[in-house]
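Right, one structure below, let's go through it.
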């Protein structure tokens, strides 16, 4: 293992730079050459990559986004694209590759392994929706961004005795919504994993909360639920007479200087990925299980499922009395 | 002047609590009884008010929103409502009233003065759109909230080489958009005060920026411009081929712990309002002129206009090269 | 189980209010009466306690510190004090008690159990130094406060090409120092668990970093190491010629609105504590193991040890190349 | 005016990068070549400078510190040093120079003007202690950093019913202490401009506050007062029996991403400095008067004094009842 490449793929997430830095510096520490590949798999296919040394990643720990940039790559979804990637890797002398991204990116990593390029994947996505890992890089920062926004919305909701309906990210998963809901004391949390009844699960808690003396209510809706928070706010206002306002938090949730947790876990995971390649391993996902950084086979990892905790869903309800 | 009332009216703004605290404590310092009136003019009309002492406002300086709450009051727009307010004030022994709010609230204050209740107004609105005052309480916190959000959006815009189109608040005025635009290095700032040409003022700077090596562009649009940022993002993407994403920052802009500037100026203004009443003055707006806290006649104040600085608009353009 | 008491003891930590809220609301949900006891064990001995209902803990999730306050209680270290506590508990009808604090507080909880008052303990301390729990309430917020401060110090260190020597909290443990060190890219981390050689472990990395082109260096020292960072900064400056500045972060590390992680885990732990009492359990510490909230016997828990990870210490070194 | 240089000198301050960016981009906009000079006057004397174009200052608006770095320069305090600076400026073809810093740096700028190099100065210091300017770059960010820290200290002070004694920066001036004191609701503010009596001005308000039901007290001491907050905390504890803790905020006050106000005013000032040089003006300080950005003669500016407002000192007292 003389030379390895590193790329970020899929949606960006805070902490990706900490992972890149860990790859580059762990490489430097062990005398391995590291090349930074630009714009995800596009940079691999097009040979858009540069040498990185320990100084290339100075002052990046605290930066949001990804210094290697990221993009979708349709060409890479075809077999020909993957073969081209492996060839270009040979041209640049890459003996291994580290891919930081979500499950879509992991499938690309699996294809590269099968086509002969040793590859290790690192989970980087704010959505925390990787089945084999308790944690994904960016999730904690995203949650704190959401909390900060909801705390602000509560100020104004309380002042006006309004109901705030807030759409948060998470793709098909409800982790962001549920944990932000508990952290912010939401009256209602809607997630894609659990069906809901509008009257029973939305209107009733709002009206009961008001009856119990609450000055405002906070409704957090995961984007994966697939409803319009604007429409929902209107319906709440019509049916309860309580003023309701919708907010779609949007892409702010992807940005920001990473939290300690994201920086530390990203550092551990990036470093682990280099060491796996050095040990001759390939086709692995670095992941967190039982709060430890371990690794699993990519194919197996992609088939693992994790479930939103029902206990935590119940907790959210209990605590909103 | 034995007893005064204080209320917050219109949209809430960070720093209103600092102003309320300053009213209550300046009152306490001078031996004046202060009553806190709930939900704006509604509380006046309905006699919904309570005694406040120095301890009632402990731990409120750092809180967003308004502890007195706020609401619209249609009844108060009628002469009968104003007369009722003056009568209730008499019942509760109020010798004077302090109203913290925007220009709509000031008109109510003027009506009360004319109907015989000595009233002083304090500018509290994030929009900074009060003609007679360089500054309104909440404006600085709002700007910093917007900056924080745009800094986060830039992380992800840069990573994906996208264009971010962001709607910010400000009602009919462009102060928030313009100053956030300079602070965040926006490529384009659109404000209601200045007409724009889409090709010349939006598309061209984006394309020129890209040609000059910019990895992303930030377009800030004041809500008062009246366009849909969602539509604008689509049009930018179609016409430039650059991926564009829209974000409506929404009500988060109203919340948050107030900045130093908002807490200090709110403290000065709230205290000044009490002292004006003590000096037997009425029908005054406390305001900032030449960076000093002074006061003007409400009627005159309501007719003053201030203009968005053209120099600052030009500066925004120069600095986005 | 009709009535339970809750108190916070020892040093305050962000998230204690989330735990109190979870106790109160889980109690309310199950129809159990909850009394809030003031100033730790003092309030128990002196009968300084009040009923709390679901509304008593409104708007507390986001507040730092502890609304029940906390204090040392020398009297409680004597057997007579503990007996008095149990008697007062009887007088107020407490069937059980929840104690939120560090290991000193846990010993008090154990004494109460032995004297006949069913008690459950919840780990609340920024230091993360509870042997039986991977996590203690307040730790994550503290780490992010430290990170924020060190990120600021780096700005000025880099501008002046200085060395920053920073003392952080942690009592006898190095968790805060080590994790903040990785998160902030510290060149040197000194912890009480691992002896160090000043020339080899402090001076050498600073000089090597400079030789490799680093513009500044960050030295993080856990308070448990027991050296003066002021003296250390002087010595570094004398021996390397590089300007060095010391900062003692101090009590700011205890404050601040809790992070998502602290709010969520505190909510889980507080709720779990109530449910343990409801199940007739006593003498338990609620703790986190393998990233799950579980419980252990207090006596056993107090004897468990956890070790600072040597892998993470090595990682800190690798990543500072 | 074909080529101008820009340097930062003295202590660093948040917003200096916004000023540098404004100089570079205003230069680029008008077709003027800009050279960035490293480490203050040292870089001028040693010819340590580089061309900067519009892209050199990308992504710098949000960064604390100064990308040009800063340092003391003893050599420049001698006439020979100044002459050398003027000669090197000629060698590099500099037709003018912009100096961003405090009053020490302004004296250097005056010397350069007298020795024949057209120079304009911009006030950059967190201390706000420039007589001719209502505002200095970095002051607002510093105040908000102090406020954030004191808000955190209040959490723990209140929980433990302690007194917090906090030393803040400001060199010989009390602006930071006074304004942070009002913003944070300090019980006592000590500034170098106003003598104080320990019993009357420190002990008495603490004891009176306690008698009025306050759970904590905050004492803010400007570094210019010249007392040890550690000693003062001890004395307070001994004489009142109230636990007291000292905190020296230190260099964190210099760092952090600049606030909107710092970014906007720094942008205005940096741009104005270039335009003054373009108009053939020299020997000017760009400054803020009556909330407008104007310019004054350096020599005259250095002689102007500004006074800490006594009204604001009184206000701090009134509001701490």
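Here the chain labels run A, B, C and D in written order, and each chain numbers its own residues starting at 1.
As a working rule, a contact is a pair of C-beta atoms (placed from the backbone, for glycine too) under 8 Å apart; a residue touches a chain by one contact, two chains touch by 3 or more.
Each chain and its UniProt protein: A, B, C, D = ATP-dependent 6-phosphofructokinase.
This is a predicted model, so every value here is computed, not measured.
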By CA centroid distance, what chain is farthest from chain A? D
Chain B against chain A, contact positions shared by both copies (same if over half, else different): same
Inter-chain centre distance, chain A versus chain B - centres from mean C-alpha coordinates, in Å: 35
With centres defined as the mean C-alpha position, give me the chain B-chain C separation in Å. 39
Listing for chain C: what residues touch at least two other chains? 151, 154, 158
Here the pairs of chains that touch are A-B, A-C, B-D, C-D
Taking the complex as given, what residues does chain A use to touch chain B? 8, 12, 14, 63-66, 69-71, 145, 149, 151-161, 164, 215, 245-252, 254-256
Considering the complex alone, what residue numbers of chain C touch chain A? 21-22, 25-26, 28-29, 54-55, 58-59, 61-62, 134, 140, 143-144, 146-147, 151, 154, 158, 179-180, 182-185, 212-214, 257, 259-261, 263-264, 267-268, 271, 290-291, 312, 315, 318-321
